[in-house]
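Please go over the structures that come below.
You will see chain A twice below: alongside chain B first, and alongside chain C after that.
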Partner chain A sequence: MTFMSGHGGSMFARRFHAEGENYICFHVLISRKQFFFGGREKIGMGQVLINGMYSGVQYSLIALGLTLIFSLMNVMNFAHGQLYVLGGFVTYYVYGVLGLPFPAALLGAAATLAVVGVLFDVLLFRRVLARSARDESTMLLACGSALLLDSLFIIFFGEKQRGVPPVVGGVLRIGEGIFLPYGRVLIVVLSVVLIVAFILFMAHTRWGRGLRAMAQDRDAARLMGVNVARYSMLGWMIASVLAGLAGAMLVSVSGVNSGIGTWISIKAFIMVMIGGAGAIPGAIIGGLVLGMLESLGAQYMSGSQYLAIFVALIVFLAIRPRGLLGRQ
Partner chain B sequence: MTRNRKMMIAVAAVLFYVVGVPWLCAGRNYYLGVVTTASVLAVICAGVWLIFYIGRINIGQGAFALAGGYAAAIAVSKWGLSFWIAMPFAGLASMAIGILIGLPLLRLKGVYFSMITLSLTETARLAAQSLKSITNGPNGILNIPLPRDLSIFGITVIPDFATVDKHLALFYLGAVLLVVTYAALYRIVNSRLGWLFRSLQQNEDLASSFGVNVPMLRVIAFAICTFLAGVGGAFFVAMQQSIYPATFAVQDSTYFMLYCFIGGLSFVFGPLIGTFILYMGFEVLQGFKEYQPLLYALLMIGVMLWLPNGLLSLRPPKFLSAKMPSRPASGGDV
Partner chain C sequence: MSHYFETNGIVVKYDRVLAVRNVSIHMNEGETISLIGSNGAGKTSTLRAITGLAPIVSGEIRFAGGRIDGLPTDAIVKLGITMVPEGRHVFPLMTVRDNLLMGAFLRRDRAKISDSLDRVVALFPRLKERFHQAAGTMSGGEQQMMVIGRGLMADPKLLVMDEPSLGVAPKFVQEIARAIIDINKQGVSVILVEQNSRMALRVSRHAYVMSTGSVVVNDQSARLLLDDRVQKAYLGEISETRLAGNAAGEKAGKPGNA
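Let's turn to the complex of A and B:
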């Protein structure tokens, strides 16, 4: 790595090794449990689907925030995965290090991310959006912010993989060879509650109506008396909190390390591209589809499943450029 | 400025580069290596710049460099081909991937293209890790031989790198790549194709209403871009004699954008200047190496906020600027 050492490479090379282990344990976690109970090949179709659901629900939560920002501001937030990582680290410190109860950690993560979301809007994106008519400049800004958060994580949190003790112990066994650890069940339930709450908020509250109006037509919304500046702040806040909470919950299952942010962003992009950018049901469907594909891929083509998913995505986009439910 | 003076400045710069730099760095192989690396990074960057030039953002140049690197490494160490065949082969292999991806995706909105290219960098790394039979997995391909001699009709055109000063030989290879790339880029930008590219950047709908084949031109630009990445990747394989899945990561793809950006997106030589200033600047500031990503990130955000057209936009020297229709300096019209 001679030339890369001057290029940030060697440092990241080491980091990516840690990361590799992490996203393997993301879905192999259950199968490893299986391993102790009697061999990996025994993992049944039921378990594969359940694993897919697990990740799918989590992923939906991540994709929702990304698609919200995109529909409100036409900004593709390349730093979304880093917000997820930040939520994970807050939980690690509040719950894992300080030993406070898990709900306190979730609240802490939500509060931190709300502040970061507002700062993103006020300090960075609002200024650049005000001066540019094209979306390229905000994409570059988002890439810069992603790099900034990544390097801050490395400096403050180091490169180590961090985990926390499980929130609840025990494994629920359904029928032959299907295992549901209670920790995972809790996270899935919480995620579903959050997703439903988000949908109800968007559909039935005054603020949600304002946000939807803004997503439809920014100028018309402004003319109808929507305070666009304040609502974009709200949008950034909600999106960041969703990403942060996803990270906060998943840290109890798969842990967190500084390097996974980009990878999470990429997964979120894939979901948004599957579901269609800017569509809320699209984000949820995209999340579930990606979760399933990963789970099936880990089972049947372990190792090269992401290459297969990526190739499938290119073919899919060639046939259906706007995703399943995308808008014009 | 007249054509003659332009030529004179260009010739003087090239002369300094191919004669002056090795003379200054004589005996200091480390610095020569830094200049060599910067030169070839600038070649890879030229591709990213060309994509900026048609109004798109390619965040996946690292993936194409990695693909080219692996293509060259496999051609040299597994098939036993000469490096002088492997290098163009690497460029073409990388270009083939670029065209396959570009044909469907460059028709879509710009943001899709950027998302896919970013995902591609990670996918390429994972593919290199998991396709063990082809790429040797996470261990990478090691002990790749240095470029051998090239003879045409019995006359040795390029000597065997193992028999001459390796550092100097690599420097001259990098120098040739750099000069040829930027001469070609300058020629492209100032040709009919350059006008067509500018029309894409300014208004695609208008351009297509005049009969410009917009998707095809985008694919052509992307093919050139990925070819450069592949050749650059092959060069680094020759230089390091090894390649790993993490040789080019997402960070590198982001840095390439930053290099273009600092140099300025409307000038052909912008990426060249951006790469040299940033890469060599950090080699000088050894102590800050740990904070390189942080400083790069702050620089990138700062430039976006305050200097959206890059360093050269402060006072663009005429001899450096391509024929660029005057555009409003506001916003991030990249």
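Let's turn to the complex of A and C:
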């Protein structure tokens, strides 16, 4: 729902009603949005914070992948949001259309994105990085990849908003006015597990140490015997899988459509800028901060929350260009 | 005839600039040799070629009987050649201990890795106090000791050191020189690249003097140390200022050092 609010929920609503196909799932979405964020029914502060947490945790997952690629490869991956979208569509087909269990959809999304991540490296970025040290080259490549994926999505998945039935039904009610739909609780828990697993992987495994070494000093890492080509591929794989799993989970809450990739990328960049590029804790904090800002914004300045967020971001970056935890 | 380690007429180019022209050096197992010469003489490029960081255009590099040119760096490390890079290249956010363990990245035997760690600590006791500190927060001299230790963690047969005295306070230069001699005594062959030619000539048996990409003189270190003409013609005044303790000013020369 939070994605929609930025994109103009009414536009989707209109398109949706015109097409009608996913009426039930989207109707739930719209009504829930009105319930949480609607102008007349103000919701309690507790609920606002909970909503911010929801989005924040999943945003962190998206930002982690982006910051990983940035710190490993010095690449700004503008196609990161498209990887998210792809994960969403895999869930839509595996879980929504084929009716297989949700975990199968997550596995399918992870496997698909692992392959796409490797292809990104082997077919695109590795080749360009071998020939050009200029940042612009990989930036343009990333933008081009984003456009390519957007077009492929339109061709293969169409332009409809797609959603899936809730993974688990029911709503947990805490006290007065705080609602925790179990479906959201589930994906928040899964996201936290993924984030913790990622951190432990980076901190305590040999592969994680190799990746960290490569991010901190590529030449020195090579001299220690790190096979940088293979570890770059590993980095792309992990980053893509993280983005894809975020999409694969969130489709059960907010749906997915072919056009939201760039918007997701922009949000991911905001998070990374808030937290500081290249820092893992920075990505997590950035994600939580953006989730919280969106939730508060939707409550108190509905309709213009992104204006406020962007203005605040510009002021923040003017004061602290490195972000909260960034290195130089 | 074949030496333990040798380069035969290697050429390294960056874009169209020749950084190394036709350089041939060789050494026997267990020796220390040094490559000396002023800034831009091609010393670092030679080392980068040896470790596979820079491709060679022609020539060949042989180690322990086999050709190693064209191999990727991690394969060369696996064969037993480890480089301690110029400018230290610590992993700044990792602890000293993790930095050292990165040196043993390709090794699997935990017991032996732990032995190596003990040996490194015995060589540089100061590192023990810093074990859990982020490496980027240490002084230049301490970082240099750490990266030498990190190089040893790979349990190398041949240790290649690039400017270990660069940007290091004089009291540490002595300690590093002593460590190089110790390392060599433990059976590790050493190639030492230095602008501090006096230090290099004191710890090595044989030395190659490089200038504008070529080896211009090569002789026993003890003899070069006494040769005034060589000192003046190829090594400049830099070693003198270095010995006078002007170590801090050396950092300025670092970026242009090919």
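Heads up, the rule we're going with is that the second predicted complex is superposed on the first by the 288 of 328 C-alpha atoms of A that agree within 3 Å, B and C clash if a C-alpha of one lies under 4 Å from a C-alpha of the other, contacts with A are read in each partner's own complex, and residues count from 1 in each chain.
As a convention for this text, contacts are C-beta pairs under 8 Å (C-beta built on N, C-alpha and C of every residue); 3 or more make two chains touch, one makes a residue touch a chain.
Everything quoted here is computed from the prediction, not taken from an experiment.
Once chain A of one complex is fitted onto chain A of the other, the partner contacts of A:L307 are limited to chain B, with no touch recorded for chain C.
Residue contacts after overlaying the shared chain place A:A318 against chain B, while chain C stays out of touching range. Contacts of A:L152 after superposition: chain B is touched, whereas chain C is not reached. Annotation for chain A, partner touching more residues between chain B and chain C: B. Of the two partner chains placed around the shared chain by superposition, neither chain B nor chain C is touched by A:R126.
Looking at the shared chain after the overlay, A:A213 reaches chain C, while chain B stays out of its contact range.
The interface of chain A with chain B does not overlap its interface with chain C at any residue. Residues 1-4, 6-9, 12-13, 16-17, 20, 70, 76, 78, 124, 127-128, 131-141, 143-148, 150-152, 154-155, 262-263, 265-266, 269-270, 272-273, 277, 303-304, 306-307, 310, 313-315, 317-318, 321 of chain A are the ones that touch chain B when the two sit in their complex.
The residues of chain C lying in touch with chain A in their complex are 51, 53, 72-74, 77-78, 82-83, 85, 89-94, 98, 101-103, 105-106, 150, 154.
Across the complex, chain B meets chain A through its residues 33-34, 37, 41, 52, 55-57, 59, 100-101, 103-105, 107-108, 110-112, 114-116, 118-120, 122-123, 125-127, 129-131, 138, 236, 239-240, 244, 246-247, 249-252, 254-255, 257-258, 261, 279, 282-283, 289, 291-294, 296-298, 300-301, 304-305, 308, 330-334.
Contacts from chain A toward chain C in the complex involve residues 206, 209-210, 212-213, 216-217, 219-227, 229.
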